[in-house]
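I have placed the structure first, in the form of structure tokens, so that the comments after it can refer back to it.
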Amino acid sequence: MTKTLRVGLIGYRFMGRAHSNAWRQAPRFFNLKAKVELHTICGRDAKGVQAARAQLGWEHAATDWRELVESPLIDIVDIGTPTFSHAEMAIAAAQNGKHVLCEKPLGLDLKQCEAMFAAVKKAKVVHMVCHNYRRIPAIALAKRMLAEGALGRIFHFRARYAQDRLADVEFPLDWRLQKETSGSGVHSDINSHIIDLARYLVGEFTEVCGVVNTFVPERPLAASLAKGVRKMGKVTAPDSAVFIGRMENGVLANLEATRYALGRKNQIAIEINGSKGSLCFDFEDMNKLKYYNGDDPKDRQGFRDILVTQRDGIQPYVGNWWPPGHGIGYEHTFIHTIADFVNACVEGKPVHPTFEDGLKNQRVLTAVEESSAKGRWVKL
Amino acid sequence: MTKTLRVGLIGYRFMGRAHSNAWRQAPRFFNLKAKVELHTICGRDAKGVQAARAQLGWEHAATDWRELVESPLIDIVDIGTPTFSHAEMAIAAAQNGKHVLCEKPLGLDLKQCEAMFAAVKKAKVVHMVCHNYRRIPAIALAKRMLAEGALGRIFHFRARYAQDRLADVEFPLDWRLQKETSGSGVHSDINSHIIDLARYLVGEFTEVCGVVNTFVPERPLAASLAKGVRKMGKVTAPDSAVFIGRMENGVLANLEATRYALGRKNQIAIEINGSKGSLCFDFEDMNKLKYYNGDDPKDRQGFRDILVTQRDGIQPYVGNWWPPGHGIGYEHTFIHTIADFVNACVEGKPVHPTFEDGLKNQRVLTAVEESSAKGRWVKL
Amino acid sequence: MTKTLRVGLIGYRFMGRAHSNAWRQAPRFFNLKAKVELHTICGRDAKGVQAARAQLGWEHAATDWRELVESPLIDIVDIGTPTFSHAEMAIAAAQNGKHVLCEKPLGLDLKQCEAMFAAVKKAKVVHMVCHNYRRIPAIALAKRMLAEGALGRIFHFRARYAQDRLADVEFPLDWRLQKETSGSGVHSDINSHIIDLARYLVGEFTEVCGVVNTFVPERPLAASLAKGVRKMGKVTAPDSAVFIGRMENGVLANLEATRYALGRKNQIAIEINGSKGSLCFDFEDMNKLKYYNGDDPKDRQGFRDILVTQRDGIQPYVGNWWPPGHGIGYEHTFIHTIADFVNACVEGKPVHPTFEDGLKNQRVLTAVEESSAKGRWVKL
Amino acid sequence: MTKTLRVGLIGYRFMGRAHSNAWRQAPRFFNLKAKVELHTICGRDAKGVQAARAQLGWEHAATDWRELVESPLIDIVDIGTPTFSHAEMAIAAAQNGKHVLCEKPLGLDLKQCEAMFAAVKKAKVVHMVCHNYRRIPAIALAKRMLAEGALGRIFHFRARYAQDRLADVEFPLDWRLQKETSGSGVHSDINSHIIDLARYLVGEFTEVCGVVNTFVPERPLAASLAKGVRKMGKVTAPDSAVFIGRMENGVLANLEATRYALGRKNQIAIEINGSKGSLCFDFEDMNKLKYYNGDDPKDRQGFRDILVTQRDGIQPYVGNWWPPGHGIGYEHTFIHTIADFVNACVEGKPVHPTFEDGLKNQRVLTAVEESSAKGRWVKL
């Protein structure tokens, strides 16, 4: 008989919506090894969480996350709250024997991440950080090609995560720009994504050198704006970050995260150059992977626009959706993530990226911060 | 109290999956004027439809579409079957007072389309043809810009719907390549989509001249392949079609539909040129609309890549999804279609494209066929 | 000892500048089989032609083209004047035993083209129409790939030559919009280019159906504007043209020429689809050829952007210029044309496109005009 | 009466060809303030330089550059030799009162550059470093837009100069990979170009941190290969370099130079993000400038592909060439450079980039080298 996994989700805003959708949709498009029950959604605001419950398709609503993580009715705890709360929730969930899926970045700092990884390891639960971009079909295809050696020796890894909302100096100060709630601001928030992709696709960083930066030091407080006044608050976390690095096997890395790139709405631009080929990707055109094959005949070499929408198992994940050329969107990356996570929970097997990946990611984030503070390279 | 609309869907393959998903998802992302109940899914094969019911999220399964359209438990009949069956089903649904959403093309031929439109008009039900591409956000934005006059006098409408699966001569003969089941093959199947977009965006055709064509006259029968033999069957419907035309206000039109364009997986490439600006679109990059504004300063004019993912009501439909730059996919076009259809059913108002649009579309399809047969222009 | 070919050029405006540049530059970058002497440039206005002589690098200036074509000091006559004058000049040149390079379109009409071809054949001189786009490196590479069979059976040929200057209704009436001087206006002027590319790359047309069209029937006379008044004149030649056709081996063709496509400055967009691959080209990005190879592994197929700038004989023509990635421009197509023409003159061998190609091109142009007048298909 | 400037060019290989072409072509397309006489080309190999003289269009050939720079028959000395020889030649030329155009990078190191700048300043001659990319029309347009403030406050400058020939480990060791001849290898050779563009477009660097790197430490010696043996030599200069930096006004910079990016033939990819707009450029598509205008209506903002080919003074330089859409190529950047240099020589006015720019460029190059050696940030 098919097992049923009962899910409790904490958080109902942006990530809450994306995760809820994924929990609802995964069983419709993927042949999961367990049934999934959208048991309880949890948030601090009783009215808000009730509305979310109805809108997002959950059976129950709760306001106390501790009750949720302790409930014997829950098998999986999914954490979609701001960063500062991850550690406490994830550790409690693990201690209660729940499998844990946690939004990125894993924690506020190294200490939290270490404690979180220790907790899930000790509890022997399945753990995963929701770096959803690993499961963009184009990225999964890139991974497969890299694993096959299609690119040969890797020389360069280059990535930029660029958005533009902070280019408007009136964009209000929110939790993402404050140290206590976000850890390291834009650096934690989106550099963590491309660090994850670097590690996934190419390997570990060995040393880094960079800057975490704040272009606009004060912004109007969101709460004040809501009340019709304009009170300024201090931006205490970086709003941009750039670093270069060395990775295993001599790869040179160059990563940049910013919300000041006017016109870039959610650009995750990656380029990997190897001795046999190159790959490029941009999330704003997420159904494509660009590939240059150095072994093509010399007169007809060129970057190919691989439309990653082929069925019949030809390309990863995407075959479960629509016919070729009928692209998918942002939310599908969460569905793929949750499909793999569910199967791992059933099988009790690790599923990447694990909390250990989250911890290693944090080590890179922290090393860049240290480098920025000291003005020199930092080894990992 | 919020009304509930009970839906019966006929068909559970490609379109059945896409429509089911849309019925499930529309209430999650759009503030509909009624609740939607996924009441019954219907298909001829009892086992198949039961599996689909579970997989696609319907309450009941049925094998006799006549029972469905007559059932007092059903408010909306959604038809997602092959073309030849549309007329009979839609007419019966209308006669039973159901609102009808019907897959494109509306019917096999003019006669069917006329009868269908007459039936829904007589029954005073809400009727809509599922030309889902009208509700791609980029197309909806294009429509708004055209309606505002942003392009001035229109000179050219140019569209190509190109796929590549028939370039493989071993691709089996299916219902889409047979006259009795598909009407006019690739011409009906995909030319109808770009005719619909031409009419929606620019206006009516006044005369056309074109060819419906068959590149490969025989193909292996799918049924025979399933049995491990290779028996050939005759392709009796066009597998490609090209036509030029004149539209209202002197617009020159050029439309092409083919499944022989290797590398084009689902290219719907449109270009509209007017005296003040131009627009371009390609479904393979569906979150973008290209726009050239002839009023920009002369030294900095150029086609803009508008990423149609802006929230806060800035761009149509897409604000109900994710933040800017977080694109959507193919299936969302159905969700937008069904959201608008549901609201129209509640309000008892027409919702484009109506069966009248389906009929007018068929007039163009038929005129092109006639032109092809006679080797000359045909007036509409 | 190296032979010297003495050139006489008639015309010193747009084409005069482009041809002069090509005569000057060809020997600098190509190892020609003869020396080239820029002997005489000829134009009706004495002052204008003297200024052009100095600016463009010719030894002598002349005002009477008859003297030029009769002069024993001239070996090659290069005709860069408006269309209406080509026939008289080219025939006289041939009768005087000169090799003739003639701008496109070859003549005003079929009769002229026939007489021109007859004259050069009779005179046994080398003759070439200056369809310079054949010698864009990307087009020459496409030709080589097609000749090798890299695309398999060809299904579709699609081309559009689009500019935008006539979208401005104040753009003055010039010789290109008058029947007596241009033949068939935009149809002759730029459709002839893509007809030439169709014939070069894919083969002969067997029947065509199309329209030659005039969007704006009256325009201010250039001469009147110069005098500060605004007198209107009648546009007597088409300002746009669209046609579909059938070519040898069942290829479906679709060609369009317009100067009403706002934002398209000199778009020559071509797509060829075959059973094994597809090719695309756009002159506005002339150093690239897009290629889809149906034999690539299924998970990594995609249109390649071949940057056609490889040296060492890898790609045609371009190796004589700069290192890879250092692109060339419009004028280079003339240099390649003239380099090949010079070598053909030395060897006394035909060089494509010959006057026969010009004549065959005119047959297509004329058939489209006839089709437009009669509203039906016309066989070639 | 029009002045004549007599030019002496030292070097006849890649840069010799490009400069010769520019000297020949500039007067044909630009209305220069002086006549230009291609007087003498100079190279060490008598046979080679004689062949070059004939091929490239010079009157005389010489083998001793000292005679050239001392000759009273020469007004301008143009230096197109490998880096190590620049200083000696340029200083001697200046001391002899010649105007000097010198290939980039200006010198081998800071000391040379300082001496060179001192010499031209003392001699009061006109001096220019041939950073030809400043005069790509798209870059000149970008400069104009930036000067107008069209981008507002600048946040990010990002550039990558990427080629791929060294990805082949068999590519031979040449002067560009040796310290004594090239200074700092790929860093000097191509990072200098994007440092120049950064300084030109955005401003001065205030501190930098980076690595100069060598991926492949040994390569076959070109000379040995010519003799049919394969003797390895040590790569003594960087073959790649990456650095981040801070510029005036708080701009964050990120620059990378490499010849290991397979598929990138001559990519000079630049992105500048400001509070009002963004600009992007890629030399492999050099006739385009991408521009995002934050002041466009919110629903139709997007990166524009400005085709920089407009005449009538609308866009810089390009109006002297061909009609809109008829692009230009690599060599034209030298023609524009030389046209401006000639006019500056006539007027005795400075012309950017001056030797002072070359010196400031070298300061950045040197600071990056120092940073790489010390593993920390270096102030400028």
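Just so it is clear, A, B, C and D label the chains in written order, and each chain counts residues from 1 on its own.
FYI, a residue touches a chain if its C-beta (ideal position, glycine included) is under 8 Å from a C-beta of that chain, and two chains touch if they have at least 3 such contacts.
Quick caveat, the model's predicted, so the values are computed rather than measured.
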Same-residue or different-residue interface between chain B and chain C, half as cut-off: same
Chain whose Cα centroid lies at the greatest distance from that of chain B: D
Chain C and chain D, separation of their C-alpha mean positions in angstrom: 35
Chain centre separation in whole Å, for chain C relative to chain B (CA means): 41
Separation of mean Cα positions, chain C and chain A [Å, integer]: 54
Residues of chain D whose C-beta touches two or more other chains: 264, 301-303, 307
Topology of the chain contact graph, where touching chains are joined (line, ring, star, complete, other): complete
Residues on chain B engaged by chain A in the complex (per definition of touch): 14, 18, 21, 24-25, 28, 55-57, 163, 165, 264-267, 283-287, 307, 309, 321-332
Residue ranges of chain D touching chain B (in the complex, touch as defined): 141, 144-145, 288-291, 293, 296, 298-307, 310, 314-315
Touch list for chain C against partner chain B, complex: 155-156, 158, 160, 162, 164, 167, 169, 209-211, 213, 215, 240, 242-244, 246, 250, 252, 254, 256, 258, 260-264, 271, 273-278, 292, 294, 301-303, 375-377
